[in-house]
Structure formats: C-alpha cells, structure tokens
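Take a look at the structures listed below.
Same chain, two partners: chain A is paired with chain B first, then with chain C.
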Partner chain A sequence: MMKSYFDDLVSGIEARLAEDPENRSPRKVYALEVARLGQRLYGETESVAWCGVTAPFDLLAAMGVTSCFVEFVGAMLAATGMEGAFLEEAEHAGYGGDTCGYHRAVLGAARKDLMPVPDFLIATSSPCTGGLAVMENLARHFEKDLFVLNVPQEASDAGVRYLADQIRDMAAFVADHTGQRLDPARLRQAIDNTNRARTLLEEAYQLAQHVPSPVTGRMMGNFGVVMALLLGTEAAVTVARTYRDAFARRVEKGEGGLARENLRLLWIQNRIQFKNPLIEMLEKDFGAVVVADELNAITWEAIDPDDPYEGLARRAISIPFNGQGRRRVDHLQKMAASFKVNGAINPCNWGCRQGTGARGLIGEGLKAVGVPVLNLEVDCIDSRNFAEGQLRTRLEAFAEMIAGRPSPWH
Partner chain B sequence: MSSSTRGRIGFSCAYTPLPAIAAAGFVPHRILPLSASPDQAGRYLHDNLCPHVKRLVDRAMDDDLPPMAGMVVVNSCDAMRRLADAWRHVRPKEPVFLLDLPATGDAAAVAFFATEIERLAQALDEWGGRALETGALKHAADRYNQLGALFATLRQQMVQGRLPGGRSRLQVLYNRATEMGPAAAADMLAAELDATGQDCGGDGVPIYLFGNVLADPEAFALIEAGGARVVGDDFCTGSRLFSPVEISGGGEGFKGLARSLLKRPPCARTFMADKPGALVDHVLAGAAASAARGVIGHTLKFCDPYLARLPIVRDALRDAGIPLLLLEGDCSLGSIGQQRTRIEAFIEMLR
Partner chain C sequence: MEVFLGIDIGSLSCDGVLIDSHGKILAATVVPTGARNLEAIERVRREILQTAGLSEAAVQATVSTGYGRDRVENRLAAVTEITCHARGIQALYPDTDILVDIGGQDSKAIRLDRQGGVQDFAMNDKCAAGTGRFLEAMARALQVDITELGGLDRGARDNLTLSSMCTVFAESEVVSLIASGTETREIVAGLNRAIASRTASLVKRVGGDVNALNVAMSGGVARNGGVVRAITAVLGRPLAVPDNPDTVGAFGAALIARQRFKGTAGHQT
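== the complex of A and B ==
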C-alpha cells in the first residue's frame, strides 16, 4: 500500500515539475525528495534503519543505508488522514492517549505491519525520552538490533568526545549489519554535500527574514527537521538551492510570499500535521504569515570532511530541544528578533513533555522581548479531537490583538 | 567546617550520587512530592507534565523547603529537565546543577557519567563543600551501603510480618532517611530495628509492587488495608535509592559510583540496547523472587518512560499467569484513594 502511494506521489510531482522546468516550486522539489525517501523506505531493496531524530543521517547515507526518524511516519499518516486507525491500534494495545501522538501512531503502524521491517534501529536520547522509549519498543517488536546514541545535554569537551566516539561505534555497528565498511571517500563526499546544503539553507533562512518575507506559511512547514533526513545527499543540495534561489528572486523583485504581509509569525516546535485550514485562514483573513519555524535554523558549524565525528556530535547536541530550557528560549528570542515577528504560536502538542513542558518559560522569554505567544491546546497528530472552531476563534483574537500593537522591532 | 553546617543539597531522583554529596560535606535532602502547597506550577509547566515534578515546583514556589545550599537535578527524563528549568526560574538565588545521565549502562556511558559526577563534585566545591577525594567518597559510599543493609533487614522483617506498620512504616523511614545524612539515618534505622522483631501477624495476600514515585506512606497503608501484604517492591522513592555502591581504590572513585548507579534496579528510563524491554524481566524476577501472588504497578500520570513500557509488562505478566493491577496517580492521596475499590477487588480475587 505505502509503496504504491509513494510511487504515485513521485510520478505525480515529477509530472507537475516537468510542466514548467524553468520555474520549479521549491516546495514541490522538497516534496519530491521526501516522496523518494518514502519510496526507498518501502522499496524493500535497500538497507533500512529506523532512527531517532538526531541520528547522523548523512553518515548513514554514506554507508548505503536508507534511514528515517520514526516520527516521520506519524506525521505522514496524519498528513494523509490515515492516523486514526493506527492510533486506535496502539491505544487498544495499551498505549494511552496521554502519550505523544507521533509515537502512538508509529507503534500502531508497526503493529499493523505498515512500517517496513528495518535491518536495525538507531535510537537517540535527544530530543525526548518518549522517542527513546518508542525505539526500545520497536526493537523488541521487530526483533532487530538496536544501537543507542546518548546525546549529552551540553557541548562540553567530554560530552562532544563521548558522542563522537559513540558515532564511530555506530558506524562499526552499521558495518556489521550491512556487511559494508565505511568508505572514507563516500563519507567525505556525504559531509561535503551536508556542508553545501548547510550554506544554502543558511542563505535561504536569511532571505526569509526579509521584509516582506518571500515565504508563505505552508512553504516552510516541517522543512528544517525533515531536511535533516536528506543531509549527505545531492538531493539536500538541490532542495536547499531551489529554496535559496526562489527566495533570492522574490527578494530582488521586492515580492513577498503573500501579496499583502501585515503580520509576521513565529511557529514554535512542530506544525499541526493533519489537514487544517488555520494557516490559510491567518494569511487570507489577516495577512499573517508564518515566516519562521523554530527548527528552520542552522544551529551548527560546518563539519570537517576529513574528521567529521566531532562535528556530527556538535550538530546533534546543538538542536534547540536539547539541553536547558534557557538555551531554547535564547534561540527563540534570536529568531523572533531576526525575523522581526509580531507574535508566536505554540501548538502545545498533547503528550510532548520535552516540547510543551516549558511553555510557561517560553511564553515569559518571548514576552520579555515584546513578542506575545499564543498557546494552543492541540494534538498535532490526532485529528479526532481537533477543535477547529475553538482554535480558529483563538487565532483570530490573537491576530487582532497583535495587529493593534506596534511591532516590537520598530 | 562540619558537615552539618555546610547545609543541604536538594535532589529528586534515585540516580543522584548521594555519596558524592555527602562526601563533600553536605546533607543530601530529597525534595518529596508531599506537601499542602497550592497548585502553582502550571504557570511555568504544561498541564501534561509529570505531577511529581509539578509538586516539587509547587513546593519551591511556596517556599515550602528547608534552607538549601543548592539543588541537583538529574537529567533522567524530559520532566526532570523541565524541573531544572523551572527551579532556576522560581529560586534564582539557589544554584542548580543538571547532571547528565545516559540512558544505557555500557562502559562508555559509565565513563561519561563519571565525568558528570566529577563535574558535580567541582560544583559542590564551589558551593562551599569539601574537595572530593576517593577516600572520602569511599567512606560516604560505605555509610550508604550500611544504610542499605539496614533497610534490607527492615524489608526482611516486613516480609516476615515483624515490622509494625508494615510497608507504610517502611516508607516513613525511607522518606526520613532521604532527608538526612547517612550516619543520622543509620542511627534512626538501628533504633527502629531495636523496636521490631515481634510477630505482628498479618495474613494478607502477598503482593509485589513496582512503579516510579510513591512517597506517601498512607498510600501503602491503603493498599495494605485492602488486604495486601507487600512482599517486595521497587520504587524510585523506596529501595532503589539505597542499592549497594561499589567504589574501589586507585582513583576509580567516580567511575565506581557511576557504574553502581547505572547498575541499579532500573527506572523505566534506563535500558539495555542489547535487551530491549528488560524492565519486563525485572518485574517478573521481582514478583517471582518474592513469591507474590499478584503485582500492583503504580505509576504517575504523564510518565513517558513507564507509559511506553507498561503494555509489554502487562503482556508479559499475563503470559506468566501473574495477575496485574495497574494504578495511575498524581502524587495525591486522593488519586489512590479513589482506586480503593479496585485494589480491594483485586486482592479479593487473589484470595
């Protein structure tokens, strides 16, 4: 079922891109590469690893392994409106509704044989303990070997060394399972691709800060977190360049993503993954554009292609969800300033302890720089209890409120 | 400076290296989620966060704490990390140390955790403590091992029906011991042992308990009043904190302590990569070793590490033919009181 879904998706997007090859939509180019990743995951021809969010996907790509964090499956099921049956499957098995919807959907999908059986699993202790637990459960379910990357909270010398050594051990673990040693030339090429993509992404994000912003609310949804899956490949470079070039053209012409940009918003954590009209409503009714997403940011330095392990470790440690809440608040404050946002929206994903746990501190931190925050009570995966009317009313009130205030950046 | 004048160091997790704190001259003081402080933590923490953590923040916001020289929070789970964030916010004048804890117990994890304990030792030094030496650390570990042995004797007496007050009384002692230094706690337990040993009778159904945080002695009293005789248990707020610590000489102090802590009976957040789901075996072994007729699991709401593993524990106990009752609490007696009927029915079924 999933294989044919991704096959159809790939051919459909390819056809649409071929219609106007000179003016390729960056979002479609991105969607094509994500669909191709799905094709490989379900293709039953390549080594597959289910992973945690901060696994080094470029290193795995260099070793010929198609890898993906499991939350991707939860988001995909929600985006296609299929999550309900899988959430129910997990709930019937005892995984309660207070747990993360992403993880419940994944466990349901595994139990209903919707997830390809991996060759092995790579768990990461960051960003969340729930994610680590689901990887342990999946390893038990699939009866496949599990490797755990303990991601330290801080980039101390000892912490970086510890994680770098683990990544080296991980490479040996992968080689043992695929029968293929890590080729230093392939690794160097993968890291080079990562660094090229990194530079292009950094440029794209800087262009997105322009007033008016070249982005639309849908264009950047889930972008940064999913791009991590493409790192190390030429596809990552292609996607990043397409975004950078499209933004550069718009900025040069003085065009915004929206014809009329009135309000600029920062979206905290992840998007609501199932179909919903909220982003369009904000744009259409208020000229309010989500110009920045928390994870659409480069928080790491370029990686040394000749000795990448320390750089890979630093990158994993650097994500805003890792470490102390203060670091995350600092990151959000910097984003709010550089994107000149009028307000921030925090969809407090029910079941996400690491993300929503600190919502009060995040609210205070952004308020301190003049940016009001709207906390939404929502499960970003489970549409069964989606209170669209209630959320719409709250978003409308929030947009009206910030429209009546001067921008904190003038 | 005597240890008593260096002050108290707060902690909240069974992975806290208590010997390191005691050896630095401080009194480790567990901040228990037992308080009449009003609910205020929601100002900083989401409603769906661990009630244990929120009760501790309630206490901090209400200033329902003894004077403390600092707070040590272990990065054992997302909720504990948020506790460190909130603690810094509500008690800005009090230093907070976030101790990083690997999820696994392999050799590399032990080595890293040892460097973290060493970093803690440096912080304790800066907070006015003694510089740590292996000799002092070993001495403190010996004290805690002595305490652990006394608790083991008390547990044995409880199982034999010779501890007046049963598991509820034992919890009173656990709670007191976690709020004082090891020497004072050992004195307290020795005095308690002098007063025990008489047959208290009791024909309750032998039950094994497991879970995360259950600190209220009244909760155990309620379970025992329902007809249970607790013959074994494993809680963060119970025996787990007093399992043996092995520290050899030769500069291996921190590493020995790290190894001992990571080898402790595991909280669900710690696991072995080569044996996923090992918590199941631990619960099964505990139930079997104590010849329990049934198992009661008590976990707190919103605890991801346990919520994610309870289904496989339930399946394994069912396959082993061991009845299981799962209870969910929120650190209030009311939450377990509401489940009195379920507890009584479960025990009745086992008779």
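== the complex of A and C ==
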C-alpha cells in the first residue's frame, strides 16, 4: 500500500514539475525528494535503518543505507489523514493517549505492519528519551539489532570525541549488518554534498530573513528537520539550491511570499502535521506569515571531508533541542532578532517534553527581547483532538494583540 | 442618529449592546444562544433596536465577537472576545490592569494597557472546567437553579476540597458528596474555590505578582457572587464587577465598531 502511495506521489509531483520546468516550486522539489525517500524505504530493495532524529544520515547514505527517523512516519500518516487507526492501534495496546502522537502513530504503524522491516535500528538519546524508548520497543518488535548513540549535552572536546568514537563504532555496526565496508571515497563525496547543501541552506535562510520575506507560511514547514534525511546526497544540494534561487529571485524583485506582509511570526518546534486552515487564516485575515521555524537553522560548521567524525558529532550536539533549555532560548532569541519577528507560536505538542517542558522558559526568554509567545495546546499528530474553533480564537486574538504594537526591531 | 452595534455570540448566550456616537449605551440585551445561533443573532438585533426605538438603518456599523462571530451577517468586522472584553472593561473601569472573563466555555485572564489594548492573555486549556457550562452541570447535580448557586456557599466552613475539576468527574463527586450527607454550602464553596484556583493560575500567568494591580471580572459567571468571592479571596485583591458583566464583550465590540467606522468608509461585509 505505502509503496504504491509513494510511487503515485512521485509520479504526480514529477508531472507537476514538468509543466513548468523553468519555475520549479522549491516546496515541490523538496516534496519530490521526500517522496523518493519514501519510495526507497518501502521499496524492499535497499538496506533500511530506522533511526533517531540526530543520526548521521549522510554517513548512512554513504554506506548505501536508506534511513529515516521514526517520527517521519507519524508526520506522514497525519499529513495524509490516516493517523487515527494507527493511534488507536497503539492505544489498544496500552500506550497512553496523552503520550507523544508521533511515537504513538509509529508504534501503531509497526503493529499494523505499515512500516518496512528495517535491517537494523540506530537510536539517538537526543532530542528525547521518549524517542529512545520507542526505538528500543521497535527493535524488540522487529527483532532487529539496535545501536544507540548517546549524544552528550555539551560540545566540549571530550564530549565531541566521545560521540565521534560512537559514530565510528556505528559505522562498524552498519558494515557488519550490510556486509559492506565504508568506502572512504563515498564518505568524502557524501560529506562534500552535505557541506554544499549546508552553504546553500544557510544562504536560503538568510534570504528568508529579508523584509518582506520571500517565504510563505507553508513553504518551510518541517523543512530543516526533514532536510537532515537528505544530507549526504545530491538531492539535498538540489533542494537547497532550488530554495536559495527562488528566494534570491523574489528578494531581487522586492517581492514577498505574501503580497501583504503585516506580521512576521516564528514557529517553535514542529508544525501541526494534519491538514488545518490555521496558517492560511493567519495569512489571509491578518497578513501574518510564519517566516521562521525553530529548526530551520544551520547550527553547525562545515564538516572536514578527510576526518568527518568529529564534525558529525559536533553537528548532532549542536541542535537546539540538545542540552540545557537555556541553549534553546538563546537560539530562539537569535532567530527572533535575525528574522525580525513580531511574535512566536509554540504549539506545545501534547505529550512532548521538548514541546511543553520548556514553554515557560521560552515564553520568558522571548518576552525579554520584546517578542510575545502564544502557547497553544495541540496534539500535532492526532487530528481527533483538534479543536479548530478554540485555536482560531487564540491565534486571532494573538494576531490582533501584536498588530496593535510596534515591531520590537524598529 | 448614528448608532453602533456589538454582538457577542457565545456558547450559552448571545449578547447585544447598542451605543451612540459618544459611546453611551442605548440598549443591551442577552438571549440564550440555543442550538440555532443565527436565530439568536436575529433576535438580539430585533430586540435591541426595538428597545432603543430605532430601525436597522440607524446602525452605522456592527462588530461581532464570541465563538460564533463569523456567523453574524452585515458586519464591519469580526473581532475576538479577548480584544472586545478588554476594550469594554477599559471603558467601564479605565484603571483595570487585569480582566478575568469567564464565559460559557472559556475562561481567560487578559492583561491590559491603559488604552484597553491587550498586552497578554491566557486561556483555559481545552477542558471547560470552571466555566459556565461547568457550573450548569454542577447546579444540575445539586438540583438547584443556576441563578441560586451564587449564594449557596454562605456560611460554609470552607474545608472541602474537590478532587477533580473534570466536569464529568466533578459531577459524580458532587453526587457522591450529596449522598454522603455533605452540606450543599460546603460543596458549593468547594466548587467555587476550585474555580478560583484555576482562575488565579491564569491571572498569575499574565500578571505575575498581582498585589498592586487592579483586577476586574466580566462574563456571565461574574454574576455568581460565590465565585467572585472565592476569586477575590485567592487573589487577595478586590474584583471590580460591572452591573452587567455578561455584556462587556458586546460593549467592547460596539466601541470597536464605532472606532473602526470612523477610520473607514464604513463598508460592511
């Protein structure tokens, strides 16, 4: 079922892109590569690894492994409106309805045989221990070996070496399971692709900071976190370049993504994954556009192609969700300033300690730089819990509130 | 004569306020929303104009608010109840720093600036515990009329704590307490304190230390004297409660209609 779904999706997007090859929508180019990843995951022809969010996907690509973090499955199910049955399956098995929807959906999908059987699993202790527990659970379910990367909280020299050594061990673990040794030339090429994509992404994010911003609210949703899956491949470079070029064209012409950009918003953590009208409502009724997402940022330096392990380790440690909440607040304050946002929206994903645990710190931290935060209470995966009217009222009231005050950046 | 209409269509009641060009209230009405909110809206329009002795043509602009705000036809704008309540209370009590508004299914705390603008706000989570619907259910369990509930806590020793604020569980708990012979006044006082505790949490989220702040209350639940007393006790601050707390949102909407009409060509959508 899923293979044919992704096949249809790929052919459909390819056909749309072929209609106007000179003006390829960056979002469609990105969606195409994500759909191709789905094709490979469900194609039953390649080695597959289910992973944690901060796994080194470029290293895995260099080793011929198609890999994906498990939360992707939850988001995909929600985006296609299919999540309900899988959430129920997990709940029937005893997982609490107030635990993370991403993880409940994944567990339900595994139990209903919707997930391709992996060859092995690679868990990461960051960004959440809930995800780590899910990986342990999946390893038992699929009866496959699990490798755990224990990501330190600080990028000290010792911490970086500690994780770099684990990544070397992980490469040996992967080689043992695929029967293929790591080819240094392929690794160098993968790291080169990662570095090229990194430069282009950094340029795209800088262009997105322009006033008016070339982005629309949907263009960059979930972008940064999912782009990690493409790192190491030529596809990452293609997607990043398409975004960079599209933004550069708009900025050069002085065009915004929205014809009337009145308010600029920062979205904290991940988007609401199921179809909903809230982003469009903000744009249409208030000229309020989400110009920045917390995870759409480059927080790491280019990686040395000749000795990539420490660079890969530093990258994993650098994500804002790793370490103390203070780091996350610093990151958000910098984003708020560079994107000149009027306000921030925190969905506070139910059952997620990253989503709800730091909301007070984040609210205070952004308030300190003049940026008000709207805390919602949303299960970003489970549309059965979606209270549209209540959320509309909160978002509209927030937009009314910030529309009446000067930008903190003037 | 130029008049401006505010309509607040909530889950329990549909409220209307008609003001003149100076902001003076000419007429106000409150009708039950019922299952058909369009009928309630029309009834408010009809009754309020009848009371004021005016025709529809005199209404220069209408602003709607409340959960059914998008259902109101011939409006200049739809504005959220947060903005409207803030505006309404500022006109009634200009020194208000924080407004507590508890309506049919929402409770909120709003931090105001001196112009009636919203500085910050916090609302109840998805659950309607502590709102008008909650009190309706509790009145039903106690087998009393909702309008009597406000005075039934008098003389309570205030030593009963309810273990749940979930409407369903609280209703069961109230039934159990009645069955065990607990006095009604103790149960009602316990309910009021539970509501006050939740409300204080919202207030502190937007106001921090409220010791030096002026707090007002609006919404239909402000008619319940027991809840007002309990919130006053928990906050340690007196609450300013207008004579007609349930029409503050509609009043604010009418004021916004007047302001926006003067700032636009008056085109109604």
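Definition applied: the second predicted complex is superposed on the first by the 410 of 410 C-alpha atoms of A that agree within 3 Å, B and C clash if a C-alpha of one lies under 4 Å from a C-alpha of the other, contacts with A are read in each partner's own complex, and residues count from 1 in each chain.
The rule we apply is simple: a residue touches a chain if its C-beta (ideal position, glycine included) is under 8 Å from a C-beta of that chain, and two chains touch if they have at least 3 such contacts.
Since the structure is predicted, the reported quantities are computational estimates derived from the model, not experimental observations.
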item	value
Chain B versus chain C as contact partner of A:Arg326, first or second or both or neither	first
Which superposed partner A:Ala175 touches (first chain B, second chain C, both, neither)	neither
First (chain B), second (chain C), both or neither touched by A:Pro152	first
First, second, both or neither for A:Val117, with chain B first and chain C second	neither
Superposed model, chain A: greater residue contact from chain B or chain C	B
Which of chain B and chain C A:Pro372 touches, first, second, both or neither	second
First, second, both or neither for A:Gly351, with chain B first and chain C second	first
Which superposed partner A:Ala397 touches (first chain B, second chain C, both, neither)	second
Chain B versus chain C as contact partner of A:Ala133, first or second or both or neither	first
Which superposed partner A:Asp98 touches (first chain B, second chain C, both, neither)	first
Chain C-contacting residues of chain A that also contact chain B	none
Complex contact set, residues of chain A against chain B	93-96, 98-100, 103, 123, 125, 128-130, 132-134, 136-137, 139-140, 145-148, 150, 152-154, 156, 158-159, 162, 165-166, 169, 324-326, 348, 350-354, 356-361, 364
Of all residues in chain B, those that touch chain A in their complex	42-46, 48-50, 75, 77-79, 81-82, 84-86, 88-89, 98, 100, 102-104, 108-109, 111-112, 115-116, 119, 268-269, 271, 273-274, 276-277, 301-302, 304-305, 307-312, 314
Chain C residues touching chain A - in the complex, by the definition given at the top	67, 79-83, 106, 117-121, 123, 125-126
Chain C-touching residues of chain A, taken from the complex the two chains share	372, 377, 385, 387, 389-390, 393-394, 396-397, 400-401, 404-405
